[in-house]
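Listed after this line are the structures, all set down as structure tokens.
Heads up, the next two complexes both have chain A, just with different partners, chain B and then chain C.
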Partner chain A sequence: MEFICDKNILSDGINTAQKAVMPKAALQILEGILIKAENSLTITGNSLEIGIVSNVEAEIVKTGSIVVNSRIFGEIIRKLPEGNVKIQVDELNNVIIECKNSHFKIKGIDSSGYPEIPEVEQDNKIVLTQNVLREMIKHTLFSVSIDDNRPVLTGVLIESESNRITFVAIDGFRMALRNFFSDQNYPEFSVIVPAKTLSEISKIIQPTDENIEIYVSKSQILFSTNNCKLVSKLIEGEFINYKNLLPEKFESNISIDRTELLSSIERVSLITSDGRRNPVKFDIKRNNLTLTTNTEIGNVREDIEIEVDGEKLSLGFNPKYFIDCLRVIEEEKITISFSSEIGPSIIKSGIDEYIYLILPIKIR
Partner chain B sequence: MEFICDKNILSDGINTAQKAVMPKAALQILEGILIKAENSLTITGNSLEIGIVSNVEAEIVKTGSIVVNSRIFGEIIRKLPEGNVKIQVDELNNVIIECKNSHFKIKGIDSSGYPEIPEVEQDNKIVLTQNVLREMIKHTLFSVSIDDNRPVLTGVLIESESNRITFVAIDGFRMALRNFFSDQNYPEFSVIVPAKTLSEISKIIQPTDENIEIYVSKSQILFSTNNCKLVSKLIEGEFINYKNLLPEKFESNISIDRTELLSSIERVSLITSDGRRNPVKFDIKRNNLTLTTNTEIGNVREDIEIEVDGEKLSLGFNPKYFIDCLRVIEEEKITISFSSEIGPSIIKSGIDEYIYLILPIKIR
Partner chain C sequence: MTRTIMHIDVNSAFLSWTAVHMLQHGSSIDLRNIPSIIGGNQATRHGIVLAKSIPAKGFKIQTGEPVFQAKQKCPNLVVMPPDYFLYMQCSSALSEILQNYSDKIQLFSIDECFLDYTGIEKILGEPIKVANQIREQIRKELGFTVNIGISTNKLLAKMAGDLKKPDMTHTIYPEEISAKMWPLPVEDLYMVGRATAPKLKGMGIHTIGDLANTDIELLKYKFKSWGLMLHAYANGIDESPVHPGSGHTVIKGIGNSTTVYFDVIDKQTAYKVLLSLVETVSMRLRFSGFCCSVVAVSLKTDELISSSHQKKLMTPIDCTNAVFKEVKSLFDEMWRGQPIRQMGIRVSDLYTKDYIQLSFFEENWDKQRRLDKTIDEIRIKYGSNAVIRSSFLWSGLSPLEGGVVDEFPVMSSIL
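Take a look at the complex of A and B:
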């Protein structure tokens, strides 16, 4: 194998593929990336859960393939002087890296043992802009459960139907639901994607209006951009029927400044180390929301002007659940709807676009 | 006690004093900062090794003092809305913090148990600009020893004599020496300052030509700026006679581009996890320096153009010791003098300003 490539382009390609590599993999070969020079140059990382293939622009002198340690190879390429780098593999699987006055020779591994990334059937396809996908992940991913006892809740439900795509994440105390409405029709499917997969894809995609294609099969999902493909296993099982969780009636609706509420809750939470044991009390009165809490450190009161439509109400919340949501919304004026002192409350943003549900905590 | 103060000014004052506070102090009161409102407002942090007093501009309504938990108080003030904050202490030592619609009440501690910061006699005084002090610390601090078996080497020697101030740090394998020459005369003294003290003072001082006054007594050192005072214990004992370490004759002197050498050594060190076990070999030939190393990961060769005055030479070095020094020098063209294959080598920058000595490692 032999190819010549710009150092920065190669480095970017390694960075992308590397996101699938586990730093301490069970098999040594999985700590490596597969470099394959055929008609074009590709770099592959694979954790068996997630596989990423990045395409790299290069002049291929001699076809072939090799596996190299991802971290060491990546660091060497990143530290090379600017310009073209020549990569060769000798008959003993040594990888020779030459760039200006730098000459490296590092041990490679025969590529025949590197696991294949599964093919994903291309029947169920949806297309989104990278911007939209980024936002949908940002609005939901933080709400997935970290409790491995209910594996389905450790992923995000992606549901596609007629002109709507919906992302849903539920962790037992809250739910984040993000809709995207299109003028085209999507195929009908419903799959659960591991949190890590969405976390990695959101690092790979850019804040642009370029498209990303998503293909879904029975057990795999494929994200495909111009530069790379990411294939991931899906989580098997039945997701919670999230539609049943949304309350139909609300005792009180308030309109409030998002940044002001966020700052107040962040301050209140400074003296509550454990938000479940020390909930923040919300007192909704005419034109005024008062937040209070009382812990061993001291007590705090925050007053915020609001517009109220409905009844006076007192409820307790884990401040963390409010903070997480208020940090990802962009709108400055938001509506919060409280169903009752024990029923779920809802924060909405956009027209049916984003719905965030929080369960209150009983105040002693 | 009661005072009114701009939130950001108060926050800055807390940040400075906090640098002396140990997060997990032996006594609870040492996790606090002392707030004292008399003619002016001061905030004090004290670890018993280092004490910092910062002056804060405030309108004092009622004199008094209190100790509050440094981390919690600091976070609350930092998160308050912009504007003035009012701080009061009630008869139960509660600290009441009020700023716009935020009202905090946190538990304080009676200040009578807070340890005093020792007075430092003002006989031996030197004055430097903050810029010069920053640079002298930056050039030497990284070379102090982390081996507690020789306490004197865990600090930086500060020597003052006629028109010269010298900082010296030695860790057994290398020495960093920084001179500052003035047109005034300084008092004569020689003290050893703990690394942590210089590390904290370098975070407090600014990149300006404003002065900082340094006072030295038998067992304490005081750094004093317009806004704050830092008092630290000195390390007792006799420092190494560093002047004896400097070689008088050199077999070879080379002139080399600093950035190029730094990049090459950084690359070489990517495949040497332990620089003492895997030294980098320097081969000095006519107009050329070749760096090579060979480890279980692979091997590397870097060629750099140089100007040589002297003999051909081959030596081994721990790459880390070169990298540390080359990162803090600003000059682009530097001179390295090699005394012999086993004697110390020296990097110089400026006219007698900075001398960095490294011992070579025998190559097998």
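Take a look at the complex of A and C:
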């Protein structure tokens, strides 16, 4: 195998494929990336959960393939001087890297043992802009559970139906839901995608109007852009019927300035190291929301002017849950509906673009 | 202002308490009058002397030595097993009596308390007279004896309480330090332990008096800030207040481990041993008023290789069955079939019960909570084995494991 490639282009390609590589994999070969020079140059990373193939522009002199340690190869290429890099593999699987005055010869691994990335049937296809997908992920991923006891909750539910795509994440204490409405019709499916997959894809895609194609099969999902392909396993199992979690009646609805509330909660949480131990108390009175908290460090009170429709109410929350969703919401005037001291509260946009649901902390 | 502090120390606590308990249950023998010890069962590999009677002391039996060694010294020695639930009851009965004499009582360990008597002289009378009264009341009502030390601070009161036992009142007021405390060997000073005493002796410091008169700079050079503290203690200086209601600093975690008397090679037996540990640990957790959100399991194999796994929980818990569920899953995750010699569990990252983060899937532990509460109350009232799980019947295993002796100074459950 032999090819010539610009150092920065090669480095970017490695960087993308590397996102699938586990730093400490069970098999040595999985700590490597597969470099394949055929009609074009591709670099593959594979953790068996996620596989990423990135296409790299290169001049191929001689076809072939090799597996190299991802971290070492990546570091070498990254630190090379600017310019073209020549990569060759000899008959003993040694990889020779040459760039200006640098000459490396590192050991490679025969590529025949490298696991194939599964093919995903291209039946269920949706197309979004990279920007929309990024936003959908950003608005929901923070609510994913880290508790392995309920594997389905460690992923995001992606539901597609008629002209709507919905992302839902629930960690047991809160829910984040984001809708995207299109003028086209989508195939109907519902899958659970691991949080890691979405976090990696959102690092790969750019905030542009360029398209990304998503294909869904029974056990795999494929994200495909012009220069890369990401295949991931889906999480098996039944997601929670999230529609049942939404309360029907609310004791109180308030209308509030988002930035003002966010800044207040951020200030209040300065003296709470753990929101589970030290909840922020919300006191809703006529035209006023008072936030207070008491910790061993001290106490704090914040008053915010609001519009109230409903009853006086007093309840506690983990401030982190509010901060997480207030940071991603773009609207400046928001409505928060409180069902009761022990029932869920929701923040929701008028056009159903998003719903954030938060369970309170019961104060004894 | 000059303070008046009393130190109340139960004489041979574990032994006296077991002895009193046996007498109350119709025993004709008073353990305190015969050579006897409280000790672990040596067949189960935890055989050390936890407490000894005064006649046993005559055979030069020492606390902490193996039971078999003690038996060699005295073949007729009576060995009784410890009953930590009884000890907890006795300890709280003691502090209940003391509460009649002051509102400032600090439980220092399961068998020791400090009582701040400052200002109460005017109401109840002279400290020595009242101390004798307290001793008598404890002897009459609870059946065991205590030593009471009186002075102007906690250190001197404790030193006084340790002077001559049993059932005595002593004072070491500042003016008595040189006569009563300084002649004592240096290892008798509070905080001088097995590590410090030989170092001091190597410096020619043999008595507390020697230490008190050693150049403070030399002690500082040798022991850093520890040296300053030793010098202050030897001179009877201690400003620390009596902390009512707390003998401990903040509890960070509660744990327990047990060495099994045979090597455990099957899962069901391992589960049972773990369950016996969970029973005591979760009970102590409940008594401390906390819920835990980290559960850890540790194992030691027959080749003495230790390992441990822990898990962070989304919702803090305090139910026996809830803790056991996590313990089982941790055990399954880590055990590869090696014979196990020792098992331990620990709960930490404690949360108060004042705030409960509601969850979509909170398992409903309410019923379990009520059951735990009832069982706890029965065990406190009628002893630890009054209610046990039937799975332990004929298993040869103890239904509740716990309360390892070196853990006692921080035993949270009595507080």
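Quick note on the criterion: the second predicted complex is superposed on the first by the 362 of 364 C-alpha atoms of A that agree within 3 Å, B and C clash if a C-alpha of one lies under 4 Å from a C-alpha of the other, contacts with A are read in each partner's own complex, and residues count from 1 in each chain.
The rule is short, and it goes like this: a residue touches a chain if its C-beta (ideal position, glycine included) is under 8 Å from a C-beta of that chain, and two chains touch if they have at least 3 such contacts.
The model shown is predicted, which means the values in this text are computed figures rather than measured ones.
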Using the superposition on chain A described above, determine whether A:P360 touches chain B (first), chain C (second), both, or neither. second
Considering only touches as defined above, state whether A:D303 meets chain B (first), chain C (second), both or neither. first
Quick one: chain B or chain C, who's touching more of chain A? B
A:I76 contacts which: chain B (first), chain C (second), both, neither? first
Give one of first, second, both or neither to describe whether A:S145 is in contact with chain B, with chain C, with both, or with none. second
Which of the two partners, first being chain B and second being chain C, lies in contact with A:N39: first, second, both, or neither? neither
Scan A:S263 for contacts with chain B and chain C and give back first, second, both or neither. first
Answer with first, second, both or neither: which of chain B and chain C does A:I240 touch in the superposed model? second
Where on chain A is chain C touching in the complex? 145, 147, 149-150, 170-173, 240, 245, 276-279, 316, 318, 342, 359-364
In their shared complex, at which residues does chain B touch chain A? 69, 72, 75-76, 79-81, 94-95, 101-107, 263-264, 266-267, 270-271, 297-304
Considering the complex alone, what residue numbers of chain C touch chain A? 293, 313-316, 351-361
